[in-house]
Every structure is written in C-alpha cells, then in structure tokens.
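Lettered A, B, C and D in written order, each chain numbered from 1.
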Amino acid sequence: MKELLERLIEKNRYLAQYGEVASYIPKLKSANPNDVGVCILDMDGNMTCSGVYNKKFTIQSISKVIALMLALVDNGEEEVFSKVGWESTDEPFNSFYKLDLSLENKPANPMINSGAIITTSMIKGDAEDKFTRILDTIRKITGNHSINYNREVYESERATGDRNRAIAYLLKNKGLLEDDVEEVLNAYFKQCSIEVDLIDLAKIGVFLANGCKTIDGEYEGCNSDIATILIAVMTTCGMYDFSGEFAAKVGIPSKSGVAGGILSVVPNRYGIGIYGPALDKHGNSIVGYGILKDLSKELGLNMFKVWEKNCCNIKYAYK
Amino acid sequence: MKELLERLIEKNRYLAQYGEVASYIPKLKSANPNDVGVCILDMDGNMTCSGVYNKKFTIQSISKVIALMLALVDNGEEEVFSKVGWESTDEPFNSFYKLDLSLENKPANPMINSGAIITTSMIKGDAEDKFTRILDTIRKITGNHSINYNREVYESERATGDRNRAIAYLLKNKGLLEDDVEEVLNAYFKQCSIEVDLIDLAKIGVFLANGCKTIDGEYEGCNSDIATILIAVMTTCGMYDFSGEFAAKVGIPSKSGVAGGILSVVPNRYGIGIYGPALDKHGNSIVGYGILKDLSKELGLNMFKVWEKNCCNIKYAYK
Amino acid sequence: MKELLERLIEKNRYLAQYGEVASYIPKLKSANPNDVGVCILDMDGNMTCSGVYNKKFTIQSISKVIALMLALVDNGEEEVFSKVGWESTDEPFNSFYKLDLSLENKPANPMINSGAIITTSMIKGDAEDKFTRILDTIRKITGNHSINYNREVYESERATGDRNRAIAYLLKNKGLLEDDVEEVLNAYFKQCSIEVDLIDLAKIGVFLANGCKTIDGEYEGCNSDIATILIAVMTTCGMYDFSGEFAAKVGIPSKSGVAGGILSVVPNRYGIGIYGPALDKHGNSIVGYGILKDLSKELGLNMFKVWEKNCCNIKYAYK
Amino acid sequence: MKELLERLIEKNRYLAQYGEVASYIPKLKSANPNDVGVCILDMDGNMTCSGVYNKKFTIQSISKVIALMLALVDNGEEEVFSKVGWESTDEPFNSFYKLDLSLENKPANPMINSGAIITTSMIKGDAEDKFTRILDTIRKITGNHSINYNREVYESERATGDRNRAIAYLLKNKGLLEDDVEEVLNAYFKQCSIEVDLIDLAKIGVFLANGCKTIDGEYEGCNSDIATILIAVMTTCGMYDFSGEFAAKVGIPSKSGVAGGILSVVPNRYGIGIYGPALDKHGNSIVGYGILKDLSKELGLNMFKVWEKNCCNIKYAYK
C-alpha cells in the first residue's frame, strides 16, 4: 500500500502546476502548491501514509460534514431537511441568488455555504457551544486532543466574510436562521479554521466508513443511519459543482476544503485523507483528485463500477 | 422474493392517492393511478414479478439512459461531455433559463431535457437512424423484438412539445446542436413514446448491472466503463430534482419516467423495473419510490449504507 | 384648483379597498387606509391642498431622491454612476439576485434598495453626517426646521432590516461599499424614517421642478443639471416595477414610498405631494395613483402627451 | 438648422471608431461604419437633412414601434398589455430567461424581442397579412410607396433566428402566442428587413409627434392616445438596456435598430431620423447617440430638463 501511495503521489504531482492555491486570505495564499500527501486507514486500524501527511492545514469546508452530523444528532433528519435541501446543484459553493429569487425556500444542500450556515445554527447551544461541539467531536473522533482552530485564519475569514454575511442575513430574512448572524458566523468561521493533518482526516473517514464508531466505541447520538446520510450527501454534493463528474470518475464519497484537503470514505472499508493545496477551478485539490482517481482504479473503490467478471449467461425466466 | 414484492406493493399502494398521473397528453392522463407493479431480475436470470407488470407503458425519460449510452458509444466520453455537463441540478427537468443566462455554456447533465436533446443529436445518422438505433438497442437488450413506439403518444408529445422546441432552438443558437430541430425532436419524442413493460425494464437494468452484457453477450461498443458512467449519472441525476434525497433514502441508481416507470440498477446484482403512474411533484412514481425505499432496506441494497457489523476495535497505527 | 383636488379625492377614494397598508412594521400597519390627501404648489408659490394633508408620515423610499441628489452633489455624475446603473428594472425594489449572478456588477438604478444604499454611502462624512446631510437638506428645501425622523419607525426598520443587510454585505463583498455596513444602514434606515407632511412634499417637488432652487435661492452644489437627472430617474424608475406603466398613464415624474406618500414633479410648473397609505402590489399608493392619473388628464400634465390641436397640414419638404 | 446638423455630424463622426457594425448577417456586416446622416422634420413640414441621409438601410427593431401601434389599433390597450408588460428592463433585448423562471408570465415590454413577437402576433390576419399591414402602414405614414423589405436580409434573419425561435416557442408554451411559430417569425423577420432612409424615418417621427396624423390626415384606428403610449414606451424602453441613461442624457423618445437607425420623436415638435451603423455595446448607433445628445442640448429638446429661467421668488402660501 505504501508503495502504491508513493507511486500515485509521484505520478500526479505534476498536476499542481495547473491549479492555484486559494488566495483570499494570507495563510492559504502562503501554502506550498507542491505539497502532496495521502493517508489511508483500513477497518483493522492499519494506517498507511505517504508524502506531506503530518503538516497541519485548515479543514475548511470539510467541517460541513461534521456540522451536518451534529445538526442531525441534535434535531433529527426531518427537522434538519425542513431547512436545507438534499439536492446537488450546478452552482458554485457561494452562490445564493436562488434564495433571493424564491425559486427555493431553502439552501439546496448542506455542503454549500448557505446550507452549512443553517446546519451550524441548528447545533444546540449558543454560538460558542456550537463551535465547541464541532471541535470536541473532531477531537473525539480522532483521539487527537491537540486539535484546535487557527486564530489567524479565523480572523482572516471574519475579515473577508461579507458574502457569507449576505447569505446569513438573507437566511434570517427568510426565517431559516434564528441566531444572531455574527455569532453563528463566528462559529462557522472558527470551524473552517480548525487545523488537522492527514492522519486526523483518515480517522474521520474511518469513523464514517464504520457507521459513526470511534476508537472508543459509539459516538453518542450518531449511528449508521446518520453515517449513511452523510456518505450519500458527500457523494452527491461533496466536491462542489464537480460532484457529478467526481462521482462518475472516482466513485468515492468525498468532501473537499479550500485549503487543499479531501476527506474520502469507502463505506465499510477505508478512511482516506489527502492534501494538495493547488486547487482546480471548482475549489478542489487538483492533485488530490488525480490521486483519488488512480487509487479508485487500482484498488477497485468506485462504487458505481460494474465488474466484467459478473458477466454470465443470462436466461431470462419470463422471456 | 415474490412474497416480498407482493407485500411491498400492498404496503405502499395507498401512496397513489398523494400523487397525480401526468395530464399533459391524453394517453398519460388515462392511466390508472392505482396500477402498481414490480419485476426484479438477478444475475442468474431469475425474474420475479408482482402486480401489474405486463401492461405496456411509455418509457419516457428512462430512454435518456439509452440515448446517453449510444452517444457515448458513438462519440466517446470526452466528446459527449464537451456538450453536456455531469452535474446534478436542483432545477426541474424542463428548466433551461441558465442556458439563456450564459451561466453555463451547456446543459447541466444528460438526464434533463436539454441534455437529452443533445445526447440524442449525438447518436450517429439522420433523425430516423437515431431513433431506430435507440429502438433496436432496447429490442436487443431485452430480446423483445415486439417493442415499438406508440404513435398516439408520439403525436401528442409533438403537439405539446413547444417547451422542448424552445430548448432545442436555444441549444442550436448556442452552437450545441447541429441537426434540424424538428428532426432531432422527432427522434426525441419517438424515443419517449417507446412502450415497454416491467419485464423489459428489469432486463435493461440487468444489462447495466452487468456492464452492458445482453443475453447474447457483448453489446458492441458498450462496455463496463460506459455502464459505470450511466450508473453514476443515474445516481446523481436520475430522479429529477429529487435525486439527492432519493440517493440518501434508497441508494439504488435509478431513472424515472413521467408515465410512471422506474428503471433501477443494483450494480453486479439486480435489474429492477417498477410501475405506478401516480407521480409526486418532482415527476417520479410516488408508489414506486415507496416500494424502492422498502426494497432497499429489506434487501440491503443502499449503496451508501454502512453496516454496523463492521464495527471493530480500531488501533490507529500512527496515533 | 381646490375644487378639482376635492373632486379627484372623492372620485378615487374607493380604490383604497383594493390596496393594503404596509404591514412589516407596527407604525405603518396602524395607518388608516382611508386617509387621502393632496397638495399642489405652483411656481408662483400658490399652494393648494385638500384632504388629509397635514398628517405626518414617514418619507420612506422618497428619500432615495434626496440621497441621489447629495451623492451627485458630493461626487459628480460620473463617479456616482460608476457604482450604480441608470436602468429601470422589472424586478421588485428589494430584489438583488442579479448582483449574485454577476450579470451586473452594480445595482440597476438608485431607486431600488441596493442602489440607494450605494448613494447613501457616497454622501460625504461618517454615517451620522450622511443622515444629518439628508435631514438638513429636506429642512432647507422645505424651510420646515421641525422635520425629524421617527425613532420608533427607525428602530422597527433596523429590527426588520435583514434583507437590506444581506444586500449591503453583498455590495461590500463586491467592492461597491466602503463603509461599515451597520453604520451606512443606520443612515439609510433613519432617512427612511424622516416624517413629512404633504406641504413638505409639495415644496420638495417645486424645488426639483425649479432646478434645485429653494425659497432662499440656490441650494449649494445642486443645479438644473442635477435636477434633470433626478427627474429623469424618477420618470424611469420612481414607481418601482410599475414605473413604465405609470409613465404612460400619468406621465409625471414621481417617487413613491411605502408609507403611502408620492412626490411628483412637473418640470417648470408644479410640485405635488400625495398621501394614501393603501398600497398596490408594487408598493405604490393605490389612491394616489388614481388621483395622479386624473390630475394629469385634467391639467394636461402628461409629458408624453401629444396634442391633437397640433395636427396640421404637413407638406414634406423632401418628398 | 442645416448648419447645425452638419456641425454635429462632424463633431461626433469620430465616435464610430469606438463602435462596431452588427456582424451576425452579411448585409449588416458590409455597412460602412463611417456613414452618418440626420434628417429633422418639423410640424410645418420643413425637412432638413445632412450627411448620408438617402441611403436605404433596414429598419430592424424600429419596426417594433409600428408593430405595437397596430397591435393597439387592432386589440386595444388592455388586451395588448395583458400579454406583454410595460416595464423597462436592465436585460439585453434578446434575453428571455425570466420567462422560463416564471418570475413573469409575460415579456417585460414590447421593445424587446419577446414582446415584439407578441405584438406582431396580435396584429389581425394571417402571417402574410400582419407583415403587409406593417409595410402598408409605413408606406402610408411616409407617403413613400416604394418602401419594401430586403429579401436578402430577411433570408439571413431567418437563417440565424434560432434564438427568436426559442423565444417564440416558449411564448407558445406559455399560452401567449396562438399563431404558428414559423409564420409569425416570418412576419417578424420581414418587418425587421424593411428598408427605409432618413427621410422616411423623420416622417414616421412627425407622424408620432403629431398624434398619428399622416400627410393625408387621420391614420384610421390610431389616435393621440395611442401615440402617447408609443412615445412613453419609446422613452422608457426604446434604447435597449441603455434607455434609462439615454432618457437622462438626451431626453428624446427614441427607438434604435441594429442596422444603425434611430427614430426620435419630440412630441408636438419634431420627427428625427438618424443613421450610423457603428453600434455601442447595447446595440445603439454610437454616433447617433452623440449627435442626439448634442442636438437635445442645442435645441433644448430634453423633456426632463428644468429651465434655470423659471427660478423665481417662491413664497409658500401654507408656510
């Protein structure tokens, strides 16, 4: 496995030149576009890593998966999806014109910004509690209690967050958001600023691949049904407005973040963390996508894949 | 299996009252909303059917899967997806305002009308050839050479097809369509009017579940890679603007038609055909959805499902 | 003239039943829908009023004319219209989806909320200064120094202003707004809450009809060119998404407010103030529209009107 | 007057370099961008022309004024505006996405393509009659019976008219259009292809400025009320998505065409025809706009203009 990861990193490394690191905040802009790393963790606890895997980076949109999980744990599926939809969209992650058009009365799904602001607000407690719940959950899942948020990134996110403010005020105007906007956005910006490495991400992946089981056993409130929802939503909406093509070509439920991380889950089999800060035009790690596409092919992980070997002599009973 | 199907039909039959049959053409309007049927065909050729399964109905949007398949066979993946996107949308199937906005330079995916008009036009040959290819393919896949299109439905589709004409002329205006509009629409309307029963649909399902293998072996030009694309696109885009919720709750790649049919594919395992002409607001069979949701649960077919049994003692190697 | 006004009030009074008073804040909701009043002031200083003309009401969107005037005085035409457009729109006053779509890089015109937030922000000084400038200008124009804003309405506007906050943050995100959002909105909400009566409105009307001349002579910085711009913008954009129909049927440059006021200007001839809090679906005084339509006909004020008497024997010189 | 026109032509001629001639059909593309001409006709029949004024060019969108006139003559104001709106729009002339969004149930106004297709269809008679009515009306207004359509341009319009076909089919789908699409479009394309010179345009202008009076007296069915509607609609919607800025800066009701013509009407005073095929980004003659702006200033034709001389000592009666 280690050799495979090394090989795929080397094979795909060149793709970085076709991408660009996020530039809207200084910390992201300073990332090294040539950094690449992968960790894969199986259900027996075997972790294999390669490349730049223990460098910390901000989790960004990958936290949307955890926010959705906690919103579901705290409110149940019906309540959550009364305020946010299930449907993927061909719009960018920060688009929200449809909310103004009243074509929809709620955000399309929980993986775009407008939807994630809703799920964050639905976590019980005040704004500080909401963020603490997310942080504690990530610590518990990974068993890594040193995980924290990066204050500099958080401050930058706040300083450049006017589009998210516009979204949140429109949600409030539409009765979808009860909290104070600045407070819920603080929780949102903080969760985006949580720093993880690839070992952490792979553990989060196995936690989901395993039906919300942590190293210490059950995660209270979460269960296999919630994990199924998370995995389905990651599949259809996890890679921004590239989710459909990613599903066909990789077929591994994944969620990307603008710092270059990708969290991937092979149900019942693997958790995968990938890092590569050069992004494609959709905001996904361009090298990460290349590696995942190859990894899926080599390990047969594409969930939509039909196996040629199944081919057999079919005698249709009712013909 | 037969008992299971009978039980699920009886359990979900009541849902018909919450839906409505399509009413834009007389033939669809005259359908009996209480008709329900299912056929399931496994890879060993065992066909189990229940309810109203041998009544013919028009295939409608389910033909979009075959049109995409033939477009891929004739042009290759790269060429096809240069003219139509991969991304699901939260818009209804007949929406096309984004094409006028130039937010996108092509239809979002091949399962909405605008995308399917493109894939139909990409099938080689003149308009008559395109339709004949689709009809012959369905005959070959099912081994049922009596399949044909319903002339009355075709005439009705033509007579009420002004929205599709608007779409096609806009596609032509944007340089995405080379054919004569009326001719390509004739092929499109005819393919929608092909009549099948549930035995036919289940066979099409197994054909895909089996990587494009017919009862007679290979389908020339198609292969496991194309089948994988079709299955992925059905998963993300197959149930109109309900595809995301359907993925999470059923987790079986499916494509519905407005006459009440649903084609479902469990990769490497089953082909399923369902019929129930009462539709929900998205245009999907309302009873069919209920049955598929139960069937998925009872047979464990949800591809996003995580199994509790996998839970185990994880010792993270790198902790 | 007094009899004419009385007659037109009585004739149009019944229209109130087809409208509704604004209900988003308590003060507006408590208005008497049957109140109707008119004042008309000619260039010789003759003021004629009828009906409920000295009851104070909040100026609301009519203040957008003054905000645009001051933005022009402080920045010049070129600078102002680099940040806001000149074009009318068939969208409601609080629509802003196009800003998210990037179909436009600026609000359509200064008479919709997004545009007025821009013009308010372009008035020199801090937020308090901006508002004070507007208030002082209205006092100076009318010679009525008792004019002030209604604190209760202002607080209500602030409390229900989330859609305007969404607009302002999106403007800020797009680089069109430099000020602190809450501060500029405070100035915006305060100016909307300024209380006037119909005598005040008629004086504002004559001020514009007279090329920015107050009772004391010149208004520093304003001039006939700016008045022309204001009158043109009122004509094309002043009555929300009813401006086009209003232009054809009334033909008097006007600006309405959601409290039921209408400011009308007959260039070089009259200033008119009308009040009637029952609103049509566009947000214009429904009785006020009826009265203005009749008044325009009776006094021949429609600027698009062609006079039959001009009909003459035309001998085309070049025929 | 002749000297004035000559001077303004020379002054504004240089603007042609900043525009571009329409290029979507060969005939338009072959126009000489440096051609400029003006004719102005007063109510006493004095015609003054300068520059290239007797070269024929296609009337294009200017015919929308005549189509609206005849639709009003044949159906009355209420019926016409039940199928097309009165409101200007900040969208380009060929935009129609809002019709698909169902934000509106009809085109915004009769000066954009979708609206003009409606008004053309509302002229009584079959498709050939509709066109003949328009042609005969223009002949009668101008007294120039040699006016005809250019067959080559008509054929080109038809050949490149797919966007208009998309519009028409969507209108038909929405129940706004009863006619056969190709037939009504033939009438539409033919009317756009009618060739006029500036003498003809100036006469059409005086006809409107004079309340629908031709050289021979009344135009049956038309009257001053209809002329007022046409002039108001030209003011708010006549110069595409530049109408608002044009109103403020020129203040003369006008309608432009993509071949470079502008029809201008100074109510009760002048009819003006201008030609200059180099277009700005909105589709208006770039030199024509420059000339009209100057002409308006020099002759005091801006209808929104406030005269400084009116300034007087105002004693407000009710102060």
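By our rule, a contact is a pair of C-beta atoms (placed from the backbone, for glycine too) under 8 Å apart; a residue touches a chain by one contact, two chains touch by 3 or more.
Just so we're clear, the structure is a prediction, and the values are computed from it rather than from any experiment.
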item: Between the pairs B-C and A-C, the one where more C-beta pairs touch; value: A-C
item: Per Cα centroids, the chain farthest from subunit D; value: A
item: Separation of subunit B from subunit C, taking each centre as the mean of its C-alpha atoms, in whole Å; value: 55
item: Chain centre separation in whole Å, for subunit C relative to subunit A (CA means); value: 49
item: Contacts with 2+ other chains: residues of subunit D; value: 98, 101
item: Sites on subunit C touched by subunit D in the complex; value: 39, 41, 43-47, 49, 81, 85-90, 98, 104, 108-109, 143-144, 199, 203, 206, 208-211, 213-215, 224, 227-229, 231-233, 235-237, 241-245, 247-248, 251, 253, 267-268, 302-308, 310-319
item: Subunit A partner contacts - residues on subunit C that touch it in the complex; value: 95-98, 100-101, 162-163, 165-170, 172-173, 181
item: Contact set on subunit D toward subunit A in their complex; value: 101, 103
